[in-house]
C-alpha cells in the first residue's frame, strides 16, 4: 500500500491534460456551444448519478427522489446569484449544504422504511418539494425562475465532476464506505458488526444530496432558466436510469452511463415520433442482456428479488 | 428405478458434476456422502430438474427425464427436500404442507396425510397456524421434511435432513426414513452425518469434487478404513 | 447564418413527446400545413422552405439543447417554438447568442420578450397574446360587461400560462372593485375536480374564472354542472378546440365565455380556406394551436419576403417592422416589445357552438 | 353539512377509482415483487380498446368491458413473457427500469398510432344521478357501479389468493420460486395467470374510468398509475384489501384537503400523509410488522 | 467474576413463550454450551443477549469493560461493548470478498474520521494498512488467507461458517456467541472446529457461549452446559452431569446409544 503509485500520477496528469485539451478546443472554436452544452449536461449528470449511486448502488437505499435535491440546489444557487448577487463559489457550496440538509431530513425516515416503502417515501418527498416550489412566488412558482447569470462553464463543470468522483471514491474506499456496502448486503449482520446503520444511511443521503445540490447549482447557472417541473419524478427516474444503465455500485459505470445516455438522446432528437419508443427499447435491451448494467458485475447485485431473503417486506 | 448416466453439470465455469453415474433401485435407501462442495446438492438438483444438465442423461424407470420440467418431475413421483429448508416463510405451517400436496387431487387422502405428518412431528401441530418464517431452525427443518412427504413420493430426495436438529429428533428422522422406506418409498439421502447415514442406508456413493470416488454396500463401507478416516472420524 | 442554396432552413423546436406533446404536435401540424401551401405556391424569395423538426421532449433542458443545435449545426435562419413559455425561455439564450430570431406562437408569458431589467430580448418574438392582456380583458369583461362583483379563480397550479392569467385577472378585477373570494387550484392531468368544485360551490361566487386548457377545463365544466354549480365560467384561448364541447358536453357549456384570437365562426375566405385545407390534410377540425401554428408559418414567410433575403439579421429587422399582418387568428402588428398588437374576440358557448360575442381592441 | 356529505361522496368516488386501479397493481406486486410501472399503461390500453369498441364497433358497455379485459390480459401475459421473464432473476432495480421501459414503450407506441390528442368516449352508460338534501348533494350512479365492482373484485381476489389452491400457489411462488417448483407448481404458468388477472383488472379499470370521466389520452395512465402505487403501498404492499383501503384513504385525503381550501397543495399533502403514515406504520395501514427472524 | 448475569429473563411472541424466566450467570473465560430441543428458545436467548429483541421482562447485565444492562443493548452497540456473534442462518455479506467481510468486523475499532477518508490524511493510510495486516493474520489462522479475494457466497458451507467466526473475532470481543457453528459440517470438519474454538478462547482470552446440536462438540469442549426446554432452563451442569440428567435425556438426547 504505497501512497502514491505510478499509475496514480499518470491518471492525475491524464485528467489535467484532458481538461487543458478541451479548454483549448473551446478557445479555438472547434468545440462549439452545442457540444459545450452537452458536455456541461454530461458533467451534471455524472455528478447526479455518482451521488445517487452512493445512496442506491452502494448503500442499497432505494431512492426515487434524487431530482428534488438537485432542485433545492438549483433554486438556492439561483436566489444567491440572481437575487442576492453572491459569487458562484458561495452559491455552489450553499446549494450543496441546503440539499444535504434536505438529504438528512429525508434520510431520517429511512430508520424505519425499507425497500419499496422507502422508494415511495422518497418519491413523495420529491413531489412535495416540486409542488411547494410551484407555489412560492418569490422563486417564480410555476412560471419559473428566469435570467439567472450564466457562471457555469467548462472549468466549473470539470472541477466539480472531478471533485465529486474523487471524493465519493475515497469515501467508498474507506471503512465508512465499506459500512455502507455492508448495510446493503445484510443490515442485520451489519448491525452485529457494530455499524450504526441509521447514521450511515443518513450520511449516504446527505453526501449524495450534497453533490446533487451542487449539480443543481451548475445547472441553474448554465441554463439561465429553471422551473419546478424540470425536477420532477421523471428526472429522478432519468438519474436512476443512468445509474442502473452504467451499473449499480460502479462509479465508472455511472460516468459511462451518463455519457452514453446523453449521446443516445442526441441521436433521438430528430426522430420525434419514435424517439421514446426507441429509447424504451434500448433501455429494455440493456436490462435484458446486461441486467447488471454496462459496468456492473455479479458481485454488486443488490435488491435480490424473491428467494429465501424475502422474509421481511 | 432412477439412473444417472455420465451426467455433467456446470455453474458458469465451475464444473460441479463430472461424468456422474448413479443407479438407484426400487425400494432402496441410498446415501450420498462427501465433503463440503463435493456436488451432493447439485446431484439432487439435477434429478429434481431445477438444475440443467450440460450433458448426460437421467432416466426414471427407463425413460429420460432430461427434458421434463421440475414441476412435472414432482408429478412423476419424485420429491426433493432441499438444503436450507426453503420453507415458504410468509405462509402458515398448514399452508406449507398444503403446498406440498399441490399436485394431489385425492382430498380425503391428503387429509389423512396431514394427520400423519402431525403425528410424526407433534411440534408442527402446536405451530399449525404460525408463520413458517418465525419457526425455530429445527422446526423449519421438520416442516420442510413434512412438506416433502405430502406429495407421497415414490422417490424421496433428502438433502441434509438432520441439519440443525436435536439429537432426539435426528434419531426420529432416521427411523422415519426407515419407516417410509418400508412403506415403499425409495430414498436418496445426502448427509454430513455419515455414520448415521451409512447405518440407515442399503448402499452408498461417496462423491468427491464432482466425481464418484467409491460406491457399494453401506454396511461394508462403515468398516472401510479409508472411509472411516475421511468421513467418519471426528 | 442563413442559407445560400435554393432552400431556406427553418428550425422547429417543439414538444413532440412528453407531457405537453399535444400542444407541440398541434402547432407543428399547423406550421407544416402552412409551409406546404407556401412551398406549393412558389416558396419564399423563390426558395423552398425546409423545416428542420426536432423534438424537445417537453423538457426545458432539451429545449435549450435543441435550439443550440438548430442554431449552430443546422444553421437555420429562424427558430420556431417551443410551445410553452417555460421551454421558450430555456430555448431563448441560444437564439440570443447566435443572433437568430426565435418566434413562439403560443408562449404567452409576459417576460418572454422582455428580460427582468425591462429590456427587450433582441431576437425573441411572439405572435400570441400576453397572459396579462387576456387576463385584463376577461377581468374587465366579467366586471363591466357581465356585472359580477365577486369571483373565484380555479387555475392549473403547474402551468405558467394559468398562473400568469390568474395573476393579471386578479389584479385587474380587484382594482376594478371586484372581489376574488378564493383562489383554488388543480394540477395538469387531473381528472377529478369534484372536491374543489364542491368547495367553490360553498363559497357562492357569481362567476368562476378558470384559466387553463380545454382538456382539463372541459372536465371541470362538466363536473361543475353535475354538481349544480351553474355560475358563468370564464377563461382564455386555451379553450379553443372542437374537443372542448365533446369533453364538457353541449348543455354544460352554456354560460361559458372565453377570449380568443380565432373563431371557427369567422367565415372570412382565409379562415374557410384554412379550415378546409386542414381538414383535408389531417381529417379533423383545427383547434387554436393548429391555427396559431399555421399563422406562424405565414408570418415567417411574410417577414422573409420583406427582409429580402434569408438572413437572420435582416429577418429580425423585418419582424420588428411588421405592420398589420393578416392571419387566420386575426391581424396584428409587432410592437416595440416584440409582442403582437392584436385584438381579442370574446366568445360565448351556445349549445356547444362558439359564438362571437364581442371584439376588444388592445389599448 | 350538505357540503361535507357531498365531499364524503366525492372522496369515496375518487377513492373507488384509485382502489380499482390499485387492485391489479397490488396483485402483480404481491406475487412477483415487481413495481409494475406499466400497469397504468395497460389501464390506458384498456381504455383505448373500450373506446374503439364503443365508438367504431358501437358495442355496448358490458361487451366492451369484457373484450377489453380479455385484450388486456393477453397483453399482460405477452409483456410478462417478453419483458419480465428474462429479468426474473436480476435485481429489483433492473426490474424496475425494465418496467419503466415497458411503460414508455406502451405510451409512445400508442401515441404514435393514435396521436397524443384527447379522445372522448361516447355515452355508453346513461348518466343517472341520485340527489339528496333538495338536490344539494349529488351522487352519480356510475360511482356506485365502480365502488360495487371494486369491492366485489376485492372480495373475489382475496378469496382466490387466500383460499384457493391456485392463490396459495401464487403466494408460494412469490416467496420462493425454486421451492415452489419443487412442490410441482408450474411457476411460469402461475406468473402468467397473475399477470392475466392483474392486467384484466387494469383493462376493466381503463374502460370504467374512461366512461366515467369521458376522456382518454395516451398518457392518461401515468398519474393514476402513480396514485395506485401510492395507494397500494399505503395499504400494505401485496395486500389486496390493503390496496382497496389505501385507495379509499388516498381519495378521501385528497378530497378533504381540497375541501378545506388546500387544493393548491392537494398532492403535496397527500404525499406528506403517505410519508407520515409510513413512519407510523412502516408496513402500510393493513400490513403486519414482520421482523426478520435471525 | 461474572461476565454475564441474566435474571428472570422472559420473551413472548404473541402467545408463544419462547424464553421463560431464565436465571444464569457466566464466568470469565468459560466455554458454555447451550443445548435443548428445537424451538426451545436458544436462538431467541442469543437475540435477547444482543439487543435484537427486547425482553418481555427480566434483565441482562454484562460486566465487560464496564457494566451494561438491558436498556443499553442496541444491536449496533454490542460490538462496542465487546460482544460478537454468529448467526444460525449464516449471514455473511454475500457479495463482498472474504477479506472485506473480515474488514467489516474491524469496523468498530476504526477511528479515522470522514475528513481523513476524503482527503487521505495520514491517519487513513495508517489505519487502513494496520487493519489490512491484522485481517490477513486472522484469515491465516482460519486457513482462509488464500481465499481472501473470493466472493464469500461462493465459499463452501464450512468455509462460510469459519469466515463468520473470523469476522466476529475481528471485532475483538470479550464474549463470543456462536449459534450452531457445526451445522452442515462433517465429523472431520467438526473436529477441526472444536480445536479452533478452544484455541481462540486461549489466544483471544474469550468467554464463549455456543449453541450446538452436535453432542460430540458440546460434550468435549464445554465446561458447563445449560439446557433449555420450552423456554425454561431445565438443567445446568458439567457435561457428565448433563449426560446423566434424566430430564435432559428424555427431552433432548434420547435413549441409549450416543453418536
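As written, the chain order gives the labels A, B, C, D and E, with residue 1 at the start of each chain.
Methods note: contacts are C-beta pairs under 8 Å (C-beta built on N, C-alpha and C of every residue); 3 or more make two chains touch, one makes a residue touch a chain.
On a predicted model such as this, the values are computed, not experimentally measured, just so you know.
**Q** Any chains in contact with both chain C and chain E?
**A** A, D
**Q** Suppose you hop from chain B to any chain it touches, then on again the same way; how many hops at least until you reach chain C?
**A** 2
**Q** When all chain pairs are ranked by how many C-beta pairs they have in contact, which pair ranks first?
**A** Per chain pair, the contact count peaks at A-D.
**Q** Quick check for the class: compute each chain's Cα centroid; which one is farthest from the centroid of chain B?
**A** C
**Q** Rounded to the nearest whole Å, what is the centre-to-centre distance of chain A and chain D, using the mean of the C-alpha atoms as each centre?
**A** Taking the mean C-alpha position of each chain, the two centres sit 31 Å apart.
**Q** Take the average of all CA coordinates in chain B, do the same for chain D, and state the distance between these two points in whole angstrom.
**A** Centre separation, chain B to chain D: 43 Å.
**Q** Once you find the CA centre of chain C and the CA centre of chain D, what distance in Å lies between them?
**A** 36
**Q** Considering chain C alone, which of its residues make contact with at least two other chains?
**A** 17, 157
**Q** Going by the contact rule already set, what residues in chain B reach two or more other chains?
**A** Touching at least two other chains: 84, 86, 89-90, 133-134.
**Q** Quick check on chain A: which residues sit in contact with 2+ other chains?
**A** In chain A, the residues touching two or more other chains are 131, 135, 188, 273, 275-276, 301-302, 308, 310-311.
**Q** Where on chain B does chain E make contact in their complex?
**A** 33, 35-37, 84, 123, 127, 130, 134-139, 141-142, 160, 163-172, 192-196, 230-234
**Q** Can you check the complex and tell me which residues of chain D touch chain B?
**A** Against chain B, chain D makes touches at 165, 168-169, 171-172, 175-176, 178-187, 290, 292-293.
**Q** Using the touch definition from the top, list the residues of chain A that touch chain C in their complex.
**A** It comes out as residues 32-34, 37-38, 41, 131, 134-135, 141-144, 146-147, 150, 219, 223-230, 265-266, 268-273, 275-276.
**Q** Across the complex, what residues on chain A touch chain E?
**A** That would be residues 1, 3, 167, 170-171, 173-179, 181-182, 185-186, 188-197, 203, 298-302 of chain A.
**Q** In the complex of these two chains, what residues of chain E are touching chain D?
**A** Those in contact with chain D are residues 43, 47, 52, 87-89, 91.
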